[in-house]
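The same subunit A turns up in both complexes below, where it pairs with subunit B and then with subunit C.
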Partner chain A sequence: MLNSKRLILAHFWLAFALFGLALLLGAWQMFIRSPMAAWIGNPEWYYRSLTAHGTIMAYVFPTLIAMGFGYAISESSLKQALIGARWAWIGFWLIVVGTVTSMIPVSLGLASVLYTFYPPLIGNPFYYIGIVLVVGGSWIWVALMAINLASWKRSNRGVPVPLAMYANVASSWLWGWTAVGAALELVLQILPVALGFKSTIDAGLARVFFSWTLHAIVYFWLMPTYIAYYTIVPRAIGGKLYSDSMARISFVLFLVVAMPIGIHHTFADPQVGAGFKFIHSAFTAIVALPTLLTVFTICASVEIAGRLRGGRGPFGWLTALPWQNPVMLAVAFSFIMLGFGGAGGLINMSYQLDASIHNTQWITGHFHLIFGGAIVIMYFVIAYDLWPHLTGREIRNLHLMRVQLWLWFVGMIVTTFPWHYVGVLGMPRRMAFFDYTDPAIAPDAIPVVMSAFGGFLLVVSAGVFFAILYKSQRSPLCDAGPYRFSVAVHPQTKVPVALNGHALWIALMIGLTVTNYGFPIAQLTVRSDTSVPAYYVGTRK
Partner chain B sequence: MTGMAAYAGVHQATMPQARVETVDPTTLHLGGEFVESNLGSAIEPDGSVTVRAIGQQYSFTPQCILVPANTPIKIRATSADVVHGLLIQQTNVNAMLVPGYVSVLTASFTQPGEHLMPCQEFCSVGHEGMWGRVKIIPKEDFLAIAATQRRLSCVE
Partner chain C sequence: MIEERLFSLKNIWFVGSVGAAASVLVVSGGLAFLVLPYTERGNRIAGIWDAICSAAGVPKKSSQSETVASQTKLSSVVLNSDMFKHPAPVSIGRGATLAQQCAICHGPTGVSRADSPNLAGQYPSVIYKQLHDFKTGARVNAVMSPFLASMTEQDILDVASYYAFLPRPPGYHPDTAEVAPTIVESGAPMRGIAPCGSCHGGIENKAGSPWLEGQSAVYIKAQLHAFANGSRTNDISLQMRNVARQMIDKEIDQAAEYYASKPLTESGE
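Moving on to the complex of A and B:
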């Protein structure tokens, strides 16, 4: 049952509208720093655009998708109306107000500090206040998900929590805790300086706080995608989920090990000692485990679908799969991009290999392939799958959906593969201009042009995506029936206590964060000699 | 992979700096290790070379770093204002320069030649213009210049 259709639609529409705007900024950035454009004139415009692109794409867009999808999961998997719908609207409006508040100073050029903040650069305080409001709004969702699950559990004692809701609540706790790092940085360090109460800041400590958020946030972006893999894909392609327990184990593993690994983002930093860099590198290796479990389980589930459709032999099930089905196509694309992106990630987590690509275009390529590619393509699938249940109107043009998914896949590969290549050549990221006439930079020119065309394909794909949703508004009303999730081959009748609740895993998550972050943070906090003067941007010094 | 990292670390192949060192960015120019006259490449008694450099909005000092080939090199660098990065292209020399802290790297270059050294972290408007250079020359040539100069660079 989906009661809060307007609430869910509001989240999805706002998410995709902002995504469309930020995508256009991204494509403009790719053009302006390629050899196709002459000197930009005022490089400040580039950093302004980059700040908006990163802030929207990293904080606002995926958070709204996770929230909207989360409300849909809560209502349809628990079969109970959302408790606290009024609070959910307050959360939504906090995000709207927060986004506007932060984007005004960004568009005026008063906060071109990029979404990673990196003090001692300090922008207009309203930029940071806006982001705090966005995070605050999303924390309402975190609380609501826990409250809805607890209420359901009280009236359904002994019944296993539906997998979709179990994963959704894991995702919300992950976000609730990972956002704490950046929130501490903003509230304790940056805002006092931005508001003028202080004029010095510890830039090293800020980077450690931010790394707490910066890695696990990627897993938060990933969560809706993984929930779609487990609970939408097998049902949509006519198969069954291979293992419900394996799915639960993957989600709780993400909860535990996504967090205490963020210092791999500061491998090249001087304020973290060698020991903690090694510990975090080792823990990062562990986080590959839940992804490998997922790849195994989903491939097995897809094989079940192929065999149910009459596929035989070691490979026959592959050709028997419903390749005309957009969900089948999207999950294949998503896995290919996840495979390449994951391989790149193994390189980034290794201190010695990271040294040659840290902060180059390789990194930009890496997270666009994972997030923009593997993750966002499944956000499209979530929207396509959920839309008829929200609007009561069917999306009938499957052909156009396939075209859109193909364009996104090809566009993302063409965008990110050349980025990886120029990264290996040592091309730094986040620059508004490159002098391609320099013989040492000239080899970057052609790959950069290629990747810009990949970016243009992505814009076309997003245009098709909006056209599909718009056209569906005009198709006749239909009854899509109740929104359903995949069924496991062996449906769970009894689940171990640990895999039916989150308490143990949340305790481990917090415990490991304390052991892996406590000392570096405490040490930098007590030192008095590490604060440096702030540099205010957008004002004359 | 973790085993490989441990092996490489123990054998000093590419190793994170062992300890955290701090420095006050507001007094770099007044005295101490990073005063302007001490920046550049210096020969140590054991034959190795120490390079001292700073990054500031929007350049490196020295803007062109001169080092000998086939010599153990230690780079000590910091920032005078905001977060910068130091990346020597075609090598695995790559470090963040965070104001308040000293970044320490070890390297050894086998081939004479010239590399670009861009700042790899956004340091505000002007970041796109922050490119330094590194020039690697044969060891004999380096020693010949070192006979007459205390701190070496290729700034012309």
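Moving on to the complex of A and C:
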């Protein structure tokens, strides 16, 4: 049952519209810094564009997808109308207002600080206020998801919480807690300086706060994709979910171990002790566990589909799979990109190996492959899957959908593989132009051109995506039936209380945050000699 | 379904998950704080407490040896963005009187005919910093340094406010000339040279950096050479010395000619 169709559609449309704009900026950035363009006369334009691209793609786009998808999951899995729909609209409009508020100073060149803020760089206060509004809007969603689940539990005592909603609420709690880091950084540190109450800032502490958000935010981006793996893919390809419990364990593991690992983003920073870097590195290794569990469970579920379709033998089920089905194609692409991206991630999280690729294009390649690749391709699938239920109109052109997914997959591989390669050669990230005539970086020129063409393919793919959605508006009305999620091979009739609620895992998440972040934050807060003068972006003289 | 108790030692999920998290924490913490500090080469650890502090990132007391003193006198100027925001009219007036002694080289209207810098309309932070550096000896010049012997802090502020108050001569680049040379617009990234324009205007102005439009080419070249050979050292954190040392003569000439290209206006000639 989907009552709040307009609400959900509003989230998806805004998300994809902003995504389309930010994608164009990204493609322009790839072109302008490649050997195909003359050196940009004013690098400020590049950083302005980069700030807008990062802010939209990292904060606004995935948050809107998670929220829209979350409302859809809440209504259709719990089979109850959304409680607090008015609040949900308030959250949506907060995001709209926040996005506009932050993008105006960015467009004017008053806040070219990149989405990671980089204090002591300080931009126009409205940029940060806008982001605080976006986060505030998303926290309304966090609260609504918990309220809806609690209300359902009260009237359904003893019934297991549907997997989709269980995962969705895990995702919302993860976001609720991880966003606290950036919120503390913005409210306690950056905004007082941006508003002129202070002129110095503890840049090291600010970076530690940001790392609190920076890694778990990736898992927040990932959550809708993982929910799609478990609850859409097996149903869409005609199979069954291999294990409902394994799915729940994966999601609660993300909740627990996505948080206490962020300091691996600050391996090169002097303000954090090597001991804490090691502990965070060790916990980061554990975060591979829920992903490996997921890969296993989903492959097993896909195998069930293959065998149900008559596949035989150790590999026969592979050819029996419905490869014409866009969902099948997308999940295969997503796994390939997740595999390469994950392997790269193991290098990033290793204290010593990180030193060779830290702050190079390797990192840019890594997070585009994971987020832009493995995650966003499943956002497309979520949209394709949900659209007929939201608009009442069928998406008929499966061929065009396959073309779109192929283009996105090939585009993302062509974009990110050369980035990884030039990163190993030592090419730094966040540069507006490079002197490719210098023998030291001449070998980077051709891979950079290749990756720019990958970026152009991504723009084409997004164009096709919009065309598909647009065309579906013109197909005749149909009844898509109730929105369903996949069924497990052995449907759960009884779930351990630990896997039917989130309390234990939230407690562990907060506890490990305290053990792993408590001392570094306390030490930097107490010391009086860690602040540096702020540098105001876009001021004159 | 009878609700089992979650936060209870009888609940295997509770015991298992908390136990697993605690074990990972204890094992990784033990390695991080007790074992690894000893294995790091060159790390002299005095005992367990020292190992823990070192891994936790507690700064050690600085060594007993003296801080190495600089061979050259460095600039001690601190600039902040509010310093020159609203100069008092009396300050500008006093500056005008004081500036009469500057006119012989810098021109009666702050536009020089003697290859000295034009000061009319220059940023006050720039004039303040240079005068201050002449006074402390961070910058030395046979003509300028003696003037500063008798100037007070307030005199310096007044002169800076006065020159900033004067209208700035317009920049001029004839159409026939090529666009800004690469060194001005893009720098030389592989030699670590930021574009001139990223501090001196065109792209961005940074505090303490003068605008250069219309300044004498002879003067700009002389200063770049002085930074390069180390005879001028009052740039903050070696910024200009590092840039000038990496510049080739052709780039120095191009930058100087580009900024200097100006028609002689009435006020200048």
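Keep this in mind: the second predicted complex is superposed on the first by the 540 of 541 C-alpha atoms of A that agree within 3 Å, B and C clash if a C-alpha of one lies under 4 Å from a C-alpha of the other, contacts with A are read in each partner's own complex, and residues count from 1 in each chain.
The rule is short, and it goes like this: a contact is a pair of C-beta atoms (placed from the backbone, for glycine too) under 8 Å apart; a residue touches a chain by one contact, two chains touch by 3 or more.
Bear in mind that the values here come from a model prediction, so they are computed numbers and not experimental data.
*Asks:* Please name the chain, subunit B or subunit C, that touches the greater number of residues in subunit A.
*Replies:* B
*Asks:* Applying the document's definition of touch, where does A:273 land relative to subunit B and subunit C: first, second, both, or neither?
*Replies:* both
*Asks:* Please work out whether A:120 is in contact with subunit B alone, subunit C alone, both, or neither, and reply first, second, both or neither.
*Replies:* The first partner, subunit B, only.
*Asks:* Give one of first, second, both or neither to describe whether A:503 is in contact with subunit B, with subunit C, with both, or with none.
*Replies:* It touches subunit C, and subunit B stays clear.
*Asks:* Of the partners subunit B and subunit C, which touch A:478 in the superposed model: first, second, both, neither?
*Replies:* neither
*Asks:* Quick check for you: in the superposed arrangement, does A:282 touch first (subunit B), second (subunit C), both or neither?
*Replies:* both
*Asks:* Between subunit B and subunit C, whom does A:467 touch in the aligned arrangement: first, second, both, or neither?
*Replies:* Neither partner.
*Asks:* Where does A:187 make contact in the superposed view: on subunit B (first), on subunit C (second), on both, or on neither?
*Replies:* After superposing on A, A:187 lies clear of both subunit B and subunit C.
*Asks:* Now for A:343: first (subunit B), second (subunit C), both, or neither, which partner does it touch?
*Replies:* neither
*Asks:* With both complexes superposed on chain A, which partner does A:256 reach: first (subunit B), second (subunit C), both or neither?
*Replies:* The answer is second: A:256 touches subunit C but not subunit B.
*Asks:* Could you list which residues of subunit A make contact with subunit B in one structure and with subunit C in the other?
*Replies:* 43-44, 271-274, 278, 282, 431, 433-434, 438, 440-441
*Asks:* Residues of subunit B touching subunit A in their complex?
*Replies:* Those in contact with subunit A are residues 1-2, 4-6, 8-9, 13-22, 24-26, 57, 78, 81-83, 85, 87-104, 114-116, 118-129.
*Asks:* Of all residues in subunit A, which touch subunit C in the complex?
*Replies:* Residue positions touching the partner: 39, 41-44, 157-158, 199, 256, 271-276, 278-279, 282-283, 286, 431, 433-435, 438, 440-441, 494, 496-499, 501, 503-505, 508, 511-512, 515-516, 519-520, 523, 536, 539-541.
*Asks:* Name, in rising order, each residue of subunit A that touches subunit B in their complex.
*Replies:* Against subunit B, subunit A makes touches at 43-44, 46-47, 112-114, 116, 118-121, 202-204, 207, 266-274, 277-278, 281-282, 285, 346, 349-352, 355-360, 425-426, 428-434, 438, 440-441, 527, 529-533, 535, 537.
*Asks:* Could you pull out which subunit C residues touch subunit A in their complex?
*Replies:* 1, 3-7, 11, 13-14, 17-18, 21, 24-25, 27-29, 31-33, 36-37, 40, 52, 54-58, 80-81, 123, 125, 180, 182, 185-186, 188-190, 195, 198, 203-205, 207
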